[in-house]
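In what comes next, chain A is part of two complexes: it sits with chain B in the first one and with chain C in the second one.
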Partner chain A sequence: MTDATASAGRPTRITRGSPADHPSIRRPLIRRPDVLIFLAILALVTIGATVLAQTGHVSTSTVKLLGKTLCLCLAALAMDLVWGYTGILSLGHFAFFGIGGYAIGMWLMWDRTELIVLDTLARNPLPATPLEVQEAIGSQIFGVVGSTEIPWLWAFAGSLPLQLAAAVLVPGIVALIFGWLAFRSRVAGVYLSILTQAGTLALSLWLFQNDSGLRGNNGLSGLQNLPGLDHVPQSTISLWFLWASALALAGAYLLAAWTVAGRFGSVLRGIRDDEARVRFLGYEVEHYKLAIFTGTAMACGIAGALYYPQAGIVNPAEIAPIASIYLAVWVAIGGRGLLYGAVIGAAFVSLLSSWFTGGGAPDIDLGFYEIRWTDWWLVLLGLTFVLVTLFAPKGLGGLVDLWTERRSRRTSDLGPDEGALRAEEERP
Partner chain B sequence: MSALLEVSGVSKSFDGFKAIDNLSFTVGEPELRAIIGPNGAGKTTFMDLVTGKTRPDSGSIRYGELSRDLTRMSEAQIARAGIGRKFQKPTVFEDQTVFENLAMALASPRSPWTVLTRRPSMETRAGEVAERVGLTAHMRRRAGVLSHGQKQWLEIGMLLAQEPRLLLVDEPAAGMTSAERERTTEMLVEAAKDHAVVVIEHDMEFVRRLNCRVTVLHEGRSLAEGSLDFVCADPRVIDVYLGRPEAGAEAEAEHA
Partner chain C sequence: MRILLALALLVIPLSALAQQGPVQTLLQTHAEDIADPSRQTIQPVLDDLSASGLPAMTEFLEAWADKGVVRRDADGLFFYGQREGDVYVLRSVEDGAEAGEVGRREATELKPNAGVRRLIGTALVQFQLNDPDPARRRAALDALSRNATPDLLGPLRASIETEENGAIRDRKEELERLITLRFGENQAARLAAIDWLSDKVSLEGRAALNNVLTTRTVVGPPEAGANIARVLVPGTDISEPAAVALLAEAGFEVAQVSRADRDAALIAAIEGESVAGVAVASLNTEDARWAAYETLAQAGAVPPRAAPDAVARLLAETPITAVYDEPDPAITTAAAAALDEVGARVARAQAADLTLDALSLASIYFLAAIGLAITFGVMGVINMAHGEFIMIGAYTGYVVQTIVPDYTVSLIIALPLAFVVAAAAGVVLERLVIRHLLHRPLETLLATFGISVALQQIFKNIFGTQAVPLTSPAWLAGAWSLNDVIGISYIRIAIFVLALGFLALLVWILRRTRLGLEVRAVTQNPGMAASLGIDPDRVGMATFALGSGIAGVAGVAIGLFAQVTSEMGSGYIVQSFMTVVVGGVGSVFGTLVGAGMIGGLQKGIEWLNPSNTLAAQTYMILFIILFIQFRPRGIVAQKGRFVQ
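Right after this comes the complex of A and B.
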């Protein structure tokens, strides 16, 4: 009766619901509202910062901070794919970020040192032999760890294309081997998280050693100076990296949006929610996990390769386990399973963090105690993390959803259903 | 009718408890078969064994014309070979729409690369399945907001969408209204016209309506096999199961 008529009228109403929520509706990626808005904001920020920097309103360090933030957003995007969408809580993705930084840092350091060494040796009366050049580079780079020998790891350090490839391939290969071993044995959940943390810790401890071949706790430094471009001011180079970071983030966002749309995205979310069920549908869950784990590790490698030339230094402390946990915290605060959530979380928290720890926030004097934000910021972050997890599981990005949902609630069908057979039962 | 699934001499024990004890079972194609039995008879373990979730301690499970050994295949491989499973509790992906659930189940290439790069429209095929299980009007709704009966149907729809040759259906009518049960019966009988369908059920009324061959399981063994009336007349069956239907049903409900 009334139920039956309501049900009959329903299909037309349902199809009017917000199409963005329905990946099945074939809509070009570039025309989806979330993608469009994201790209527009990113372009606005990048162009705005460029204009302000050119006119001298924004300092070079601010441009670098912005560029670095975009790289962190890219890493958070990767973390969201692997954790928010596929449910693999990897606490080691920042290690891949660091590996990317080391790979590009090796070339930057090597090539620049080589130029300096050649320049110095050119003043000698006799032309330098290749061996002398090698030794001079060796003592320049590895003098701090008491060595002049060039470790085997640096075999290709003189080649930019090879080191760029390494920035992507080394994280990829490490992730592939680690993932293959872990997923094949069906290690999942908290055990996998612990395993990734252990791996990250091992890598960072190894890097801390002086004989690791990567300058121990000194790390690689002077990365902000591009070889052969000493005449270009840092203010210009910082803008180059800002644009490169923005382009990488835009590309990654498009790629991620394409990946999570359609059936592939369905399978990923299915694995997150009920892995066994996906297996019984005939999907090799391990292959999907391995693909997403490896792909996101490579994305993190790219992000790191763009980040560290802006930071100027990469050292083992960057790869410490806590960094990977931060990555998870950003995604959780921004919103798991929402691409823009991850970006918002990473940008918001990392910018806020540098404001608090950089002395931007005024200390509060309570009379009996002074709250210094450089110390208390972590407490605040921890509290925020707990509160978001408890009360806003969809994070900051969820607020955006709340707003769009409220707008579409009037047109789409979300209400209590009429039961399976109400309409049919009415039939004569 | 030729044998599609041949289970012979299979045993499986958990910590000394014999869940399946030297069980032999054959189902042909097409055929509709019901498996009944009291709680702990090994019905669900039987399904787990066929679908690769658990491995038997001994015995063999062969499938299809090539007599493929299912005990050596992964869950996903078995599913791709044409064995579909519906769980006792409706297990649909609640966070995704009915369409997305069906699209994931539709028979199509399953490798990550193909799924990522080839994206054929599945609207038509998903629509056909939705039509069969009466969910056409709900394609765009999240599966989580469906009623219990609709979720059961969605899962049956996902099973049909897989285009399996052998359907293993675990308590399809649990928690349904009588009208919903009737509809479910129709769906299963319809599917059994060209598929092998094995239904696990302890609701006698429902089994009677299926009007098919029945296998009675008890303590991991096949106790009797034949028409429902035939097995109901068997004194051993009466003793272990029908003699105390109340106790059996209660225990089963607790288990679920």
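Right after this comes the complex of A and C.
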């Protein structure tokens, strides 16, 4: 690497509008059809759900399900950036999602407990002292793990701005350190996947301990109750969160579309398709990977911070490695390397999953055996996933492409590793 | 003839005198003392009975102590008697033969008091210790170790000389030392016993030494001549609240006012809006409340609060000491030194035990990971369903066991069958999925994950969510223990042997067979291997079958000591990956070293923090992440296709 490039992080000269760029990408972001259509559908869904909920046609739990699904879509979008566009199969991004949930959950739990405690202590003839309040909160929150002491992790739990910052910054810092260690020593491919999975396992095992300071396997609960807003019904709160989730997803989509459309995105795709070649061209590949890894981890933190107040509880089981793998499954089924593919995949699979496991799907009686979908859904999902990987590497998003390709011929190489799709197409 | 005799005995009790055996004769010489024993008079009688050396005497003494002996009023003879309704059923004291019945009021039950019973027990021990039956001698020693008294020392020592069984003799000598240590007659004997024990690591020996070193806590200056163990310093040896509680128990109390007492006093003193002239609303800090309390105390309304340093001063003034129960300082010093020596020896033994544990864990990881390592090496793909092959092997073992009831036979069938079944499953997976995803390792990883989810759920649907049993044969139960510290179960030894066997097999295949040559060639350079006429597809399939088969065998082995559930594979998969990554891909010895390192690390961390195995795993994974920084390609680095 020459000195000139090392300081800038990339070569000083690069041809803009190279042939690999899509015709549509060069247009202003807001006029690109996929962005417009996505925003329109998102707005339609959100407004429609709001109207239906206000008129009583849709239950609060359905609104919450929708809001949670949007958060999962946001996480899938982040996963798509890091895997579909950069080719880093991280099996730990759901851990960042969980960290975001824990960060916001700490504030929700602390503040609500503090209000309850103050209320109780106000009935004493003497006004409460700070020490009394601390002790009461400690025993309320940590009584389940046999402790009354407040762990140092909770030092800022009383402050919403700080905890909100933590929901973004803690995943960011963890990802930065982990990514720096991993990318610096050129850990890539399946090694990196395994390493992220191990890191996720380590985090979830640590959280499972009672003395981790985060209530062990009890997790944080009662998060659906916003402190000081007991008079607001859950139906209204669920709509607030639906809108917040929708806004976050829309913003993230715009940001992601802008990111992948620019030069930065081109380098990311280059790293995915041939990392060594991009490095030889003089790019600091590690910096790009670190930036996208950290940025998407922060996005996952935001998604988690919006998700868990709707779910009501966050516990270490949520962070188990399998959750992160499911995130990859959603992106793969939706279509990696396509922003809308990730969103479609997450929405489709998670909604379908709750339909099947919730007993919504009718059981099939074969006469000699009855297929109960609550038992067989995972088999169906697993096998579908294998079939998608084998025969439809572009996933559901590829269906959209079939329609658009008639108008604009797309020749981009969307394979995630060793140019998989190109290899697929080149196969006689 | 016998019946006639029995009838005769029944009809003419007096004629029984003529039939008296040696026991009855001896008993009759002390008849009155036996019938009405007292602690003062019984010892000579017992000595006499013991001196006779009659084998039947043991049973008599046992029955006597157990209130199972009656004396027939008519002739004064002793019998074993059992009350049944209105009669005693009699048995002869010579040989326990039936000796008729006697009415409830025609015989007297012998009821020795507790003191006498204890003396009988002591005499009995002497008999039992010299009993011809080794099992009874052992039983007597066990009873002795639980319930040692000083007077048993004599009979025990006497019996050592004549003991022929080596193991029992050793045990007798050990017990003799333990009892001497506790009740020994002089300092020299006890010091000798301590010296002898300092060479041993047995739990019993350590307990005996600790027993010598028991202390009691004395508050205030200890009495003159007390054998002081140490002075307890509050804050280091003993927590301050505990020290204060001890002082309070001994009558040294500080007038401490708890926060609850203070608040109660303040609340009681509320007059309108103020307490002691202070507004209630201003009492919202601890300092303000204490200040208000002081005001109340000065007015005499509440008990005064002790000065802040009162507790510290009291603690400084009143020494708290631990005093040995044992008065002789020479003994306690020697015992403490011996215990230190034993402790060091126990620590070394624990290290050896830990090494054994780590070896056994390492052999499990090796079995679980080796298949993964060689398939990764040859085909460059990660098989996330590898854990499910382990599960398939374990369930194969379970199914075989439901068909073949004999555990040994079923295990012999299950091991090769598990290999075949898992290998077949591996070939199917390779043909249907992995073959089509060549050179796309990330997609292979995810596709095999899909297979893993589906397989887990299918097995859950078939076998249920409950764990199924895979029982090991009786000869694998139990443990091999070297001493009280070092021990390892036979199952783990068997797994170790199994792992060694597969290691040898794999090394042989890779080094000495045509397949091994081809596998090594494909691992190093698939393109070149193919151009030399090796079919990489065929080699890939063979390695996949081999790797999956070994996972199946590992499943049977793991199932023998862990639970067989549909999720058991996922519990090993991350550890297996770690083993492969740490050891280096595609190398048998790399995997071996990796397994050894991870097994050792896990056991080591567990030993450092035994209460928290979850934390141990966390630290281990963090360590491995750091390790990868320094050797990204594992301990035995791959040369060939993966080198960038």
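Keep this in mind: the second predicted complex is superposed on the first by the 381 of 428 C-alpha atoms of A that agree within 3 Å, B and C clash if a C-alpha of one lies under 4 Å from a C-alpha of the other, contacts with A are read in each partner's own complex, and residues count from 1 in each chain.
Heads up, the rule we're going with is that a contact is a pair of C-beta atoms (placed from the backbone, for glycine too) under 8 Å apart; a residue touches a chain by one contact, two chains touch by 3 or more.
All values derive from a computational prediction rather than experimental measurement.
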{"item": "Chain B versus chain C as contact partner of A:394, first or second or both or neither", "value": "neither"}
{"item": "Chain B versus chain C as contact partner of A:125, first or second or both or neither", "value": "second"}
{"item": "Touching partner for A:32 - first (chain B), second (chain C), both, neither", "value": "neither"}
{"item": "Partner chain in contact with A:206 - chain B first, chain C second, else both or neither", "value": "second"}
{"item": "Touching partner for A:276 - first (chain B), second (chain C), both, neither", "value": "both"}
{"item": "Superposed model, chain A: greater residue contact from chain B or chain C", "value": "C"}
{"item": "Chain A residues contacted in one complex by chain B, in the other by chain C", "value": "276, 416-417, 420"}
{"item": "Chain B to chain A touching residues, read off their complex", "value": "51, 53, 74-76, 79-80, 84-85, 87, 91, 93-97, 99-100, 103-105, 110-113, 115-116, 119, 121-123, 134, 136-141, 145-150, 153, 158, 162, 176-177, 179-180, 183"}
{"item": "Of all residues in chain C, those that touch chain A in their complex", "value": "263, 266-267, 270, 280-286, 289, 376, 381-382, 433, 436-437, 439-443, 445-447, 449-458, 460-461, 570, 574, 577-578, 581, 612, 614-615, 617-618, 621-622, 624-626, 628-630, 632, 644"}
{"item": "Partner chain C, residues of chain A touching it in the complex", "value": "83, 87, 89, 124-131, 178, 181-182, 184-187, 189-191, 193-195, 197-199, 201-203, 205-206, 208-209, 211, 276, 321-322, 325, 328-329, 332, 375-376, 378-379, 381-386, 389-390, 393, 415-418, 420, 423"}
{"item": "Contact footprint of chain B on chain A as seen in their complex", "value": "7, 10-11, 14-15, 17, 22-24, 26, 259, 262-264, 266-267, 269-270, 273-274, 276-285, 287-288, 291, 413-414, 416-417, 419-421, 424-425"}
